[in-house]
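Listed next: structures, encoded as structure tokens.
What follows is chain A paired twice: with chain B in the first complex and chain C in the second.
Our next item is the complex of A and B:
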């Protein structure tokens, strides 16, 4: 029976990042992945010959540049390509084109509302400013509010100083921003419905909140604090699909001597006298290690692969109450050609970026109302990207693939469980909506894959198919993530850690959770720290 | 011409409290009220001969300190001390009743949960209580005293112990629904408990961030847990307040609508020096204290021309749209609710949290909910003076009725809303329609018009995390002082906020006298 220093459960991007840094510190690490392929939700899969889908996460922005450089991911083959402009579709024939060229962007906004065109400068300036405070915390371990240890007190003082030094006006704006709804927030800036809708869409992606729900403004920021090549708020594609990120991370793990085993699902975490000592695999094999790191979400970790008896009193209940609600679906489509959209100039540049089918704030909110009632809307919000427009490696020449992300898609339906037939109908709803904006779209379809929360959970293991491994609401953010008292990656059972998006700073392909967890583990194991500090070239 | 020390605009309960304290301190105080009688939203309203009600139909946490300081007991503010039980109505008659913290009608699992829940919430409420009475200092400046006040919040919370602090940090921003689901099984229990966290604001059971704080605010300062109806109804309290204020020498003028707050620009800059009435009469005073809601105070009575743009914008974007309408029924006899021998309490009509959520869903798009949710009180049971012999009045808060109806409010729309509300009641009190002698339905738009409160909003402006404490109504006016010298705020739009507590008026007076 082989023995390791550390076992990491789950080869998602955070698990791999965590393993890479532990291996870099000289630990003997193994990453266990239940699927035959690595990457978790950051994968490139050729589900139809010639077409490579990023069939879960599909764009990249939040990957911490410090990690990208430190693990030398570029050398391991990771290339990020910023993608071209985005088209937002209104309810009727309203179209809003987001150009990269600032002058073009300004004129386009002006076409809809001169007032909003000017307000956009204020909006972006404010959003960038708000994001700077959060960015500071991404690669730091949250302090424990009840602790009197110097480490925590100093961290608190650091944050208090950052916060206090903003001054009264700024603090007020922050508190407001962090607690109000995306709709209320946008009302401060814009008057045009389509522009509001376009700006609001990041506020609902992946969350079980609507644009009118207090708290959605923060989600908006969560999506705006990333960057591509230092360009804050920009989004990019990983050349070759999101799997390129996982592959690069895996290379980093191996280059530091780490091991990765696929088709090695974990049945149970072994606990002996209240210490994690290893894991038992699905096939009954036992692996032992000094520490066990779970990259699974908090609910799955404590309710599926752990024995309630092994947990301190109350933890199981906390895990059951952990809010991890499936709210999104995914439809990946292989296309024989580039779709044309009505009311959009035949302009290679704009056509090959993303399309968001927003409608209006009300359309988006009504889709949320359907979700509450356990249905999907006939008029859902869809965020689409055509990666093949900027990355020729993911589709045959002249062909394209389109990633469609749909809000909202309930994990459990009012009329019972998901079935292949219901999944098919859900897929058709999406096609129908796109067809309304792109006549003839249906005829371009070569192959399509529909993923509801059910598929996402059963395949990748994200509970309820929640892409963030847990709602990003204040009660589950920062030192409250995943539960109050366990915000520092150490879990209630000794030698057990968590490194997934269920921990601070939360969802998104950021690798920050994994890196932060590694830093804390190395402290406990009295090893020199290998995790880089974040850098703020944007300040 | 004669000059006052202080002019208070509006004889709502906060205005009266503030005036009473100032008069007590020896100031020469004049209270100007546009209506014919005092009380604002707590005033007596005879909506048909012999039947009277008040918009606010119960008092939940009126400050004890104020009762004692202003000697209100002697001025006629008395209660039988019996708190109104909160009743979650069920059509089948198996209601749940919450009385003096005890839960009846639910199974043991819920009653046990209730004990834990009540204990937890009152611990939290206790930790926060001091701060509702404090003037919260401005943020971001580093004067020791101010920083200490904030540190004290942290200290109070930390003193609850590790376990409680952890729990507090988690649930304080939780949506009412998630909190209820964690503790209770019974749907009626869930709605009855959520009610106080949601009513009056633009939030539904699934809305994060503000519901729990609102609950805690409403638990704080409650001598006896729950709502009471004073002798003479809520107006009884108002009468006591005005008698007390006048007793201390304050002057109250009714039918005196203020049209402008007068500002003069001297060498030392702008300053407030009086008010102008609708009829053009000018009254001078060393300071003016407005119990009117912030938006109306600054944008209508003062005028943006006297304020800096940033401040005006912050006032303009205050969320002031009311979502609660008022239904008044004059009844020929006691209403019969199935399975309830006496409708003596706050009767909540909301079968489950989703019923509230879906009512809100209609309202948030400016529609009228298909089946509204209600809080009903029959005040005439506690106070016979409100209705003729053997007759009764039914007073109901109806949620969620939008201030901005997409189609605009008109007679037809108002009738639809009224009928739907009465239908909702009818499901629980089948005979109600036959008993109705007269009915009145006041939408938030009506409340705005009749009571001169922006958006018809109970709390003058949304009671939400970003409009609380040192941010209420907004910084620059959150310590009862305003950017204009000699102009103060003392209404529900200031810290700590709405409901009939009198604390805003009390705190304002303290700041003025400081």
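Our next item is the complex of A and C:
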């Protein structure tokens, strides 16, 4: 029987990060992955010869730079390339171009509303201030609010100091910010419908909330707090697709002596005397280890690979009620050429980056109404990127691929289960909408991969296809993530830890959850810390 | 109208235009212009960091027309060059390029550049600033050698980045894939000829195209047509400076002060100080500065150019280097510094007093946040290899991306 120091379940980016830091501390680590490929939701696959999709996550800005640098991911082949230009499409002819140059961006906003062009400065300053505070917590373990241990008290003092540095007025604003909707937040700044719609869209991506739902303002911030080389809010592409991040992390794991096993799905976490002692694989093999780390979401960890009898009272129920609602679909489309959009100039810096099909706040809210009723909208919100416009490695020369993220797509439909036929119709809805803005788009399609929450769950194991491994609402954030009392990566069974996005700081390809969990594990195992401190440009 | 009204009164003060100017001006959509050797020259075309990423991710072109190019021909061309530069020119094979430096009698560096052996008795020397006076002086005592400044007649365009070879192949240059680093190849081009060397200043896969200035626009148009699907983009001085620093290449007026323009004693540099000792070949026949350089080699350079990985993310531009965190006694200074988006490291080149090189190194960095100055003391780690050195830069044939 194999014996390890640590078993990490799931080779997603957080699992790999966790394993890399444990291995770096000298532990004998194995990462177990159910699929034949690694990466979880940070994955690149060539489903049609010549085209490499980022099948799930598609852009990157939250990956902690300190981890990138510390694990030497560049040497392991990772390069993050910023992409330029996003077009926001209104319901009719409305077009808003996010030019890279600040002067050009200002004039473009002014074309829509002189008021909003000026208001954007205040909006950016406020959002930057809020995100700088949140960013400080990303690579720190949340303090336990009921604990009197010096470590937790010191952490609270640290937070209080950061909070206080905002100034009194901003503290009130900040608290308010956590509970309001994206639409309410934006109303305080903007008047133009298209600008509001464009700025609101990060508030709903990946979440089962609408632009008018309380809590969506925080989601907006969660998406805006990333940065590429200090440019807050900028987004980058991993050269070679998001899988390049996982590949580089896997190289880091191996370079520190860690092992990665694919096609090794875990059936059950073995618990003896209320301690996790190893895992049983799908094939019946047993692996033993001092500790077990689950990179699966909280619901899957406690309801699928653990026995209810092994858990303290109430945990199973908490896991069942963990808010992890599927709300998004993904359509990856291989194209024989660059799509042209009506009303968009032939500007290479604007027409090969991102597109958001926003419509208006009203359009987005109606799409949410459909989701609530177990349907998808005929007029969904789509956030698209053409990675091949910036990355020469993911499509043949002259050809492209377009990543389309669709909000909303229910995980269970009012008229029964998902079927291949319904999935096909969902895909056609997306193409129909893009075709309305890009006549002839349909003729460019070479291949297409449609992923509803059903596919996302069955292929990469995210419950209900929720991309964040659990909603990012305040009841499930910070020391409440995944459950109150378990915000420090240690789970209710001894020697069992969690390191996925179900833990603080939540979803996004940040590697922070995995690194934070590693730091806590190394404290418990009395090993020297290998996890770096975060670094910030604003200090 | 008489001439007094039509003539441009300021003609003498205006910048020269590169043969690629009309195409480059059309793509310089932010109207960013500076100058280099009297030519109107772009610091960037759209955005410095974007252009830098084209060099690292797809490909970009850099106008090297303003570089100085000299043709040196004659039976004595080889011995004359060998007398001039520190490396053994005899070892540069036919259709090969060699990087070298040349020094004063005191062994101080005048400039660096590349030597192309185009025939047994014909060479091309390229360098950053004009040195015709020094070259002509250097022909003294050689009978059969002529030096011709071909800077204006010969255009040059650098094509750098991972897709650069694929673009040249699509442009129809069969066999370019077999060019090894520092090889020179020639291709017929519309009744004339195009010379392509696998050289560059970015540390990445890349080529330099050399052509008669009259062909410039034709080359540009065909190159950009071929490069359209490979992410081609012109890049300027700012992106070049980022790429060359990652490759740890030295830059005049940054790492070294040209000896012939240096006023203060030893404010210029020797090749040993610049970590270019490998370019100084004492086994070859006599060359300029040899005895001074021999002494320098025995004694060891006072300063040594050092590659540093600086803690944190604040570029250490202009920072002093100290042996302790207390920052009391300076042992060196940073010559160039940047945050490297590709390497994800805070890079610097620094001149450090040689005897302190192996000790602790701390940089005292000043930076600004919303107009308020801040200071940070950062530990520095010495790096032996260039910061950026991808396999594709040396692979033959190189990959398509």
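Just so it is clear, the second predicted complex is superposed on the first by the 538 of 539 C-alpha atoms of A that agree within 3 Å, B and C clash if a C-alpha of one lies under 4 Å from a C-alpha of the other, contacts with A are read in each partner's own complex, and residues count from 1 in each chain.
What we mean here is this: a residue touches a chain if its C-beta (ideal position, glycine included) is under 8 Å from a C-beta of that chain, and two chains touch if they have at least 3 such contacts.
Note that this is a predicted model, so its numbers are computed, not measured.
Chemist: Report the partner of chain A that touches more of its residues: chain B or chain C.
Modeler: Chain A has more residues touched by B than by the other partner.
Chemist: Going by the contact rule set out at the top, does A:81 touch chain B (first), chain C (second), both, or neither?
Modeler: second
Chemist: Considering only touches as defined above, state whether A:323 meets chain B (first), chain C (second), both or neither.
Modeler: first
Chemist: Determine, under the contact definition given at the top, whether A:68 touches first (chain B), second (chain C), both, or neither.
Modeler: So A:68 only meets chain C here.
Chemist: Once chain A of both complexes is superposed, is A:480 in touch with chain B (first), chain C (second), both, or neither?
Modeler: First partner only, chain B.
Chemist: For A:122 in the superposed arrangement: first (chain B), second (chain C), both or neither?
Modeler: A:122: touches no partner chain.
Chemist: For chain A, which residues are in contact with chain C within the complex?
Modeler: That would be residues 65, 68-69, 73-74, 79-82, 84, 100-101, 228-230, 239, 349, 390-393, 397-398, 535-538 of chain A.
Chemist: Spell out the part of chain C that touches chain A in their complex, as residue ranges.
Modeler: Touching chain A from chain C are residues 30, 46-47, 49-50, 53, 56-58, 162-163, 166, 170, 228-231, 312-313, 339, 341-345, 369, 401.
Chemist: Looking at the complex, which residues from chain A come into contact with chain B?
Modeler: 145-146, 164, 166-172, 175-176, 179-180, 184, 187-188, 209, 212-215, 321, 323, 362, 365-366, 369, 372, 473-475, 479-480, 483-485
Chemist: Under the touch definition given earlier, write down the residues of chain B that touch chain A in their complex.
Modeler: Against chain A, the touching part of chain B is residues 138-142, 158, 162, 165-167, 169-174, 178, 182, 203, 206-210, 310, 317, 319, 354, 357, 361, 364-365, 464-466, 471, 474-475.
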